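One structure is given below, represented as structure tokens, and several questions about it will come after.
Letters A, B, C and D name the chains as they come in the text, with residue numbers starting at 1 for each one.
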Amino acid sequence: MKPRFALRSSMPWWRGPALIAAAAIVTFLLSAIVIRWAGGDPISAFRYMFISPLQTKFGFTESILSATPLVFTGAAVAIAFRAGYWNIGAEGQLLAGTIGATWIGIHAESLPAIIGVPLILLAGMICGALWALVPALLRTRLGIDEVVTTLLLNPIALLIISGLLNGPWRNSETGFPDSDVISKSTQLPIIWPGTRVHLGLAIGVVIIALCWWYVGKMAGGLKLRAVGMSPGAARIAGLPVERTLLITALVSGGIAGLGGSSEVAGVAHQLTTGISSGFGYTGVIVATLAALSFIGSLCIALLFGVITVGSFSASRALQIPSTIGEFVQSVLLLTVVAALVIQKYRVVWTRGKK
Amino acid sequence: MIEVTQEIIGASLRIATPLALAALGELVTEKSGVLNLGVEGIMYGSAFVGIATAAQTGSLTTGLIAALVTGAAAGLIFAFLTVTLGVNQHVAGLGLTLFMISFSNSANRIMFTADGGQVSVDPWRPFNFGGPIFSQYWITYATFLIIVPLTWWLMRRSGLGLKIRAVGENPEAADVAGINVTKTRYTAILIGSLYMAAGGAFITLAFVGSFTINIINGRGWVALALVIFGRWKIGRLLAGAALFSLVNAGQLQLRLLPSFSDVPFEILLALPYLAVIVGLAVSGRNVPYPGAYLKPYKRH
Amino acid sequence: MNSHEGVGATHGGTAPSIFLRGISKAFGETIALSDVSLDLRAGEVHALLGENGAGKTTLMKILYGLTQPDTGLIEADGVQLTINSPRDARAAGIGMVTQHFSLVKNMTVVENIALASASTFSLDLGVVRKEIKAASERFGLEVSPDAVISTLPVALQQRVEILKALMSGCSYLILDEPTAVLGPQDIDSLLDVIKRLRSESGIGVVLISHKMAEIEQVADRVSVLRRGKVVSSSSVSGISTQELIGLMMGTDEVAVAQRRTSKQLVGNPILALNGVGVNIEMGGLSEVSLDVHPGEIVGIAGVSGNGQAELVRVLSGTLAIDKGSIVVEGNTLGKNSPQSLMRAGVGMLGEDRHASAVHALQVMENLVLDCIDSFATRFQLKQKEILQHCESAIAQFEIKTTPKQALGTLSGGNMQKVLLARLFSRKPKVAIISQPTRGLDVMATRYVRSLIMKASTEGTAVLLVSEDLDEVLEIADRVAVMYRGAVIGIVDGSTATRETIGQLMAGITK
Amino acid sequence: GGNTGSDEATTDTAAGGSEVLSVVAAYSSAIEEPWDGVIHEALQELADAGEITYKYIDKIGYASGAFERTLRQIAEEDKPAIIMGDSFGNEESARKVALDYPGIAFVMGSGGGPAEPNFSVFDNWIHEPAYVSGVLAGSLTKTNILGIVGGIPVPEVNRIVNAFIAGAQSVNPNIQAKVNFINSWFDPAAAKEAALSQISAGADILFAERAGVIEAAAEKGLLVFGNQMDQKAISPEFVVTSNVWNMRPTVNYILDQVKAGSYTAQDLKDFSMVAKGGATLAEINTGVTGGVPADVVAKAQAVMDSIKSGVFRVDVNEGIPAGSVTK
């Protein structure tokens, strides 16, 4: 007897949740081994990771704060992928955005906030789009694959930050390679008093809504989807394939760059080389896990925010290595995507060869 | 001048070794139509397990075997997810990378560094056959003298290679021809993962002799880029690896020259990446992706 | 089951060699096959007939191990076969040439054929090359072993497919719509090959086709599938074409296209090609001059590979011209880009419907793909209008679909109707239509042809490129024959015959 | 794991006397990174000896305000007497949190100054032993070329590297120093490759600011100087000595202050310098291949003594060293 996967024709409503639960159990069992090995208690570790961030206002707002950059990169990746433009460079574009934002932030001493805030956002967006421009032109003009170019521009963006921080933007007070704190007038206002949740989140949600509207409801979005699904057929239907790709790439870069602004102006208030903990790469996971849906990306980003906050709590409370939090995340990621696929199939046992 | 040139060539062979291994592994995998973004993680996990085992057993060979077994295990997980289940390859690959790195870092902490230690071994030493160019580790020799031609033979001249290319281009056609698509893709992923594992193990067991977090530091991503740069051709891939490594070795020497010593070092560090992008822009357009790239195959 | 003879009964002394018994298969909600039984015999050509979506391909995929049946079994010479994969089928002596070829496009002929037999390590292409030579001679299927598949014309690709199957030593060969993609000459030679395989090598052939003439020409027996059931199985000599069509369609009414009398050409041509030349490596166009008047259907005939494809590409704007000019409504186009042609009112139906269809998008979205902006405000698509537009198109063109269904899930005929609806609803001044009925069943074919005629009656100028000579003769007002990249002659459609056109196609001018 | 002492034990911060204080450390980087590793080691030793309870969290990073969140959680939930850590790159948030919890002593590795009422700063001021290492290196080199591989050119790295070069040039004005940065705290392969390039450019003595360099020296049979911790164990034949940072004086001082209830914000720099034992030169390893001549050892000892006694002050130079430095 050999197992074979066959597409199931109907799906009982409980299968999805049941399989997700199974994924959670597998994750728990696997993680429990490592957590035990590190001397921690698996059950409380899980409580810290997944439940306690949602139990307090502090935990919750910190979770959405952590999710904020992922909202931007998730949207940036999703819109590019929807158009069939494989932008693996959201990381670099976000970093470019932080550069633009910082430049405004440290030079805009005497502006009123009403000008300073839009300016710093705009600067990040423009820089992100510019960072996306070269790979996009190479792709649309010369047919050069964007995966390599966007990917390799990521470390270069980080090196530019490093160069700026070791050079002209070195902290004038400490001499440490992090920039001066940006001027108050360019810092994003807090939108939830008493917490650190800032305007960046609201902008991220608006971006998600705009993307959702544009891609799903507007003429340009239909063109974008057609180009992404079948560029050949789109070209035959007279759609401007190259222009669509170019514009989408720039929009994607701009959104990622805006995410950079949001980080600099919203939380960090200064530029450091560690400003992004791989938000661009995580954005790829966020968007693909959400099957490139925007609303889905928003939810997944929030989930990632919760887990990020939770795993630090678990690590601190139980004195287990903080990397175990990442370990649990990775196992959960793999088991959940497996479960989502498995639920579509049923296993059929077939007779083997005689 | 000649000496410096020789030094640069010698250094680039070293730098290129893990890159070439990982990139060749990725090439074999991608030729079967599967993108393995787990390359960074497989290198990382193998580098760790390799040295951890070598340190515990006192045998570098055992360490290498453990590294390869780790690579194979990771490859199997990845193959199960992407080939058997048909999970999105981007997610599975990135997830695998996260998994391998976080596991290695956790294990490293628990086993070695929690109280200030570090795992290290007396690594393999380079042979010295005269001159900097020929002073290389056995893995480097094995890579360029055995693995490269072997891989070329595998892909161009063996039945398995033909099958791998066929399932990567048109799995339906391969299936109709009686080829077991699943088995072929598993095989390609496994071979690829073993190469990646060897690349990771090279760094800890031969080149450095110790493990610190971040040991791979993005070399897997570079390997990934080299495959596309090489347009899935071994010759071009090696040319890309050579370009990257030569510029890398060259920039190290460049900074030491008095006339370059005030150039911000970041510019020099960015050169290898720029070189690959420029190389691509000058030479490569319309990338011939394998026909079934990223597409799971399932019969009805 | 309304079979003319009991399944499993002996027939003319030849023992039936493969039985399919009680095969059922459902895809989700769709029941593709229900309780189908069929018998195949060595040395016999068995034709399978049925509308699009009747289940022919599914049945054969099951026999070849590409699809697993839900129930049913397969027997050979009284022994039950387990066919879980093509590998099993090949071992049982069954070979198949699939409807959409199963060749690895950027590999060579030898590599493709070696695939089937390759073991892990040894791969001696030299040996395979020799075997190909031998087999080519034996079966009369000439191919050059080192050509890359994608550079071969369709007929040759098909030859490779057949060779591949034969070289695996099959005694049964399934051909799924092999003639759909071929021009008349190639069809004739394929039918010859089939006859030889049957009589000289004793191979049992399953031939799926929508063309009655072919079936009458080569088949020994014919089975008709309708909506997943075998409704008839009999010897070809014992049943008439009309009967077959009746069986296929059931009670459905069959629209028959009425041949029009060629009309007088009035006014100026709406589309004119003046000495258009294209230089490309292979083929190209030389000095093509042609005009089409409003309300006229100009057919382009020719042996495939004589410039028809290039002509279509020129008129779709994807191949730049090097010489000459294109004039639409008296205005010379500066550059033949897709946009400029569309703006001038030239519409297209490409030869490969799958290449023009965005499979994952809905039918209604595909229907407006070429005029999205006119269905949108600044801020959003006018969903209601698109839906109305789609519904009226579905009604007007009799498309079996709902507006929100993904286009990729439609049958070939319905997909083609959607694309025609998209083309005609823009009211193009000129419609370039290429291979419109390829792979469609009898009814869909007739319907599509009547649509084209209707459009032309309403004033659209149609340039019809088709490899199906009957189609051209049936509906074209004038027929232009292409030979080596040039228009070698133009004849009047009402007086043209297969013979006159055949001569031109062979390059013979009086 | 680093779980020591009673889990939930919280100590009344205001109390004095000899009772056990609780310390929680928050490290931006990982404890595998030597800078944080030194602090961790000192606290772990004290915890093992039962003098404090100690918890830590590392690899917090610099992104999305994680550091501020962690500090607040520590302050709210663990309520320790002392929070230690490194606030480089997280300066603004660390200071903000400290202001909100005046009852807790915030003792942070920082490039800035102390802040009232409770924010003290420290740093690794091991430029003095680095200078002495330089003296040794300058005396031992035959090619007059020294190779130095650093991680990221932050001030604390720069001043060590610059002091090493200055020490070497003080005994040998012909010294040429070759300096590479790998722009990462961890990439031993890159560091080793950089060191090898320096060796090929003539360097015969190396300074291993980062991991990977000692390995290069060992492979080529050259002498090498370690950093942060005594790194002799990695390669006893080739590591001459190491510039050692010792956090115990700093920690002891803080513990005393807190216990005595007299803690105030201050710059703890002095406790990480030679005079107070916070910076030392590891015992000179005369057993290295080729040995270290007695007069060279004596010379180094003399410089060390004059630093200790305050007679000699090593200049602090935090500029980024060029790739090739000559006098």
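Here, a contact is a pair of C-beta atoms (placed from the backbone, for glycine too) under 8 Å apart; a residue touches a chain by one contact, two chains touch by 3 or more.
Not measured: the values here are computed from a predicted model.
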Note = A student comparing A-D to A-C should find more C-beta pairs in contact for A-D
Inter-chain centre distance, subunit B versus subunit D - centres from mean C-alpha coordinates, in Å = 34
Note = When centres are defined as mean Cα positions, the distance from subunit B to subunit C in whole Å is 45
Inquiry  = By the touch rule stated above, which residues of subunit B touch at least two different other chains?
reply    = 105, 109-110, 266, 269, 300
Inquiry  = Quick check on subunit A: which residues sit in contact with 2+ other chains?
reply    = 7, 38, 159, 162, 166, 321, 323
Key: Contacts with 2+ other chains: residues of subunit C   = 27, 68
Inquiry  = Once you draw an edge for every pair of touching chains, what topology comes out, line, ring, star, complete or other?
reply    = other
Key: Listing of all chain pairs that touch each other, if any do   = A-B, A-C, A-D, B-C, B-D
Remark   = Residue positions on subunit B within touch of subunit A in the complex are 77, 81, 84-88, 90-92, 94-96, 98-99, 101-103, 105-107, 109-110, 218, 221-222, 224-225, 228-229, 264, 266-267, 269-270, 273-274, 276-277, 280-281, 284-287, 298, 300
Note = Per the touch rule, the subunit B residues reaching subunit C in their complex are 157-163, 165-166, 169-170, 172-180, 288, 291, 299-300
Message = Looking at the complex, which residues from subunit B come into contact with subunit D?
response = 3-4, 7, 11, 14-15, 18, 105, 108-110, 113-116, 118, 120, 123, 125-126, 132, 203, 207-210, 212-215, 217, 248-249, 252-253, 255-258, 260-263, 265-266, 269
Key: subunit B contact footprint on subunit D (complex, rising order)   = 1-2, 30-32, 37, 40-41, 44, 153, 178-190, 192-194, 196-198, 200-201, 211-212, 215, 219, 229, 234, 322-326
Key: In the complex with subunit C, residue positions of subunit A that touch it   = 2, 4, 6-7, 9, 213, 217-219, 221-223, 225-226, 229-230, 232-240, 348, 350-354
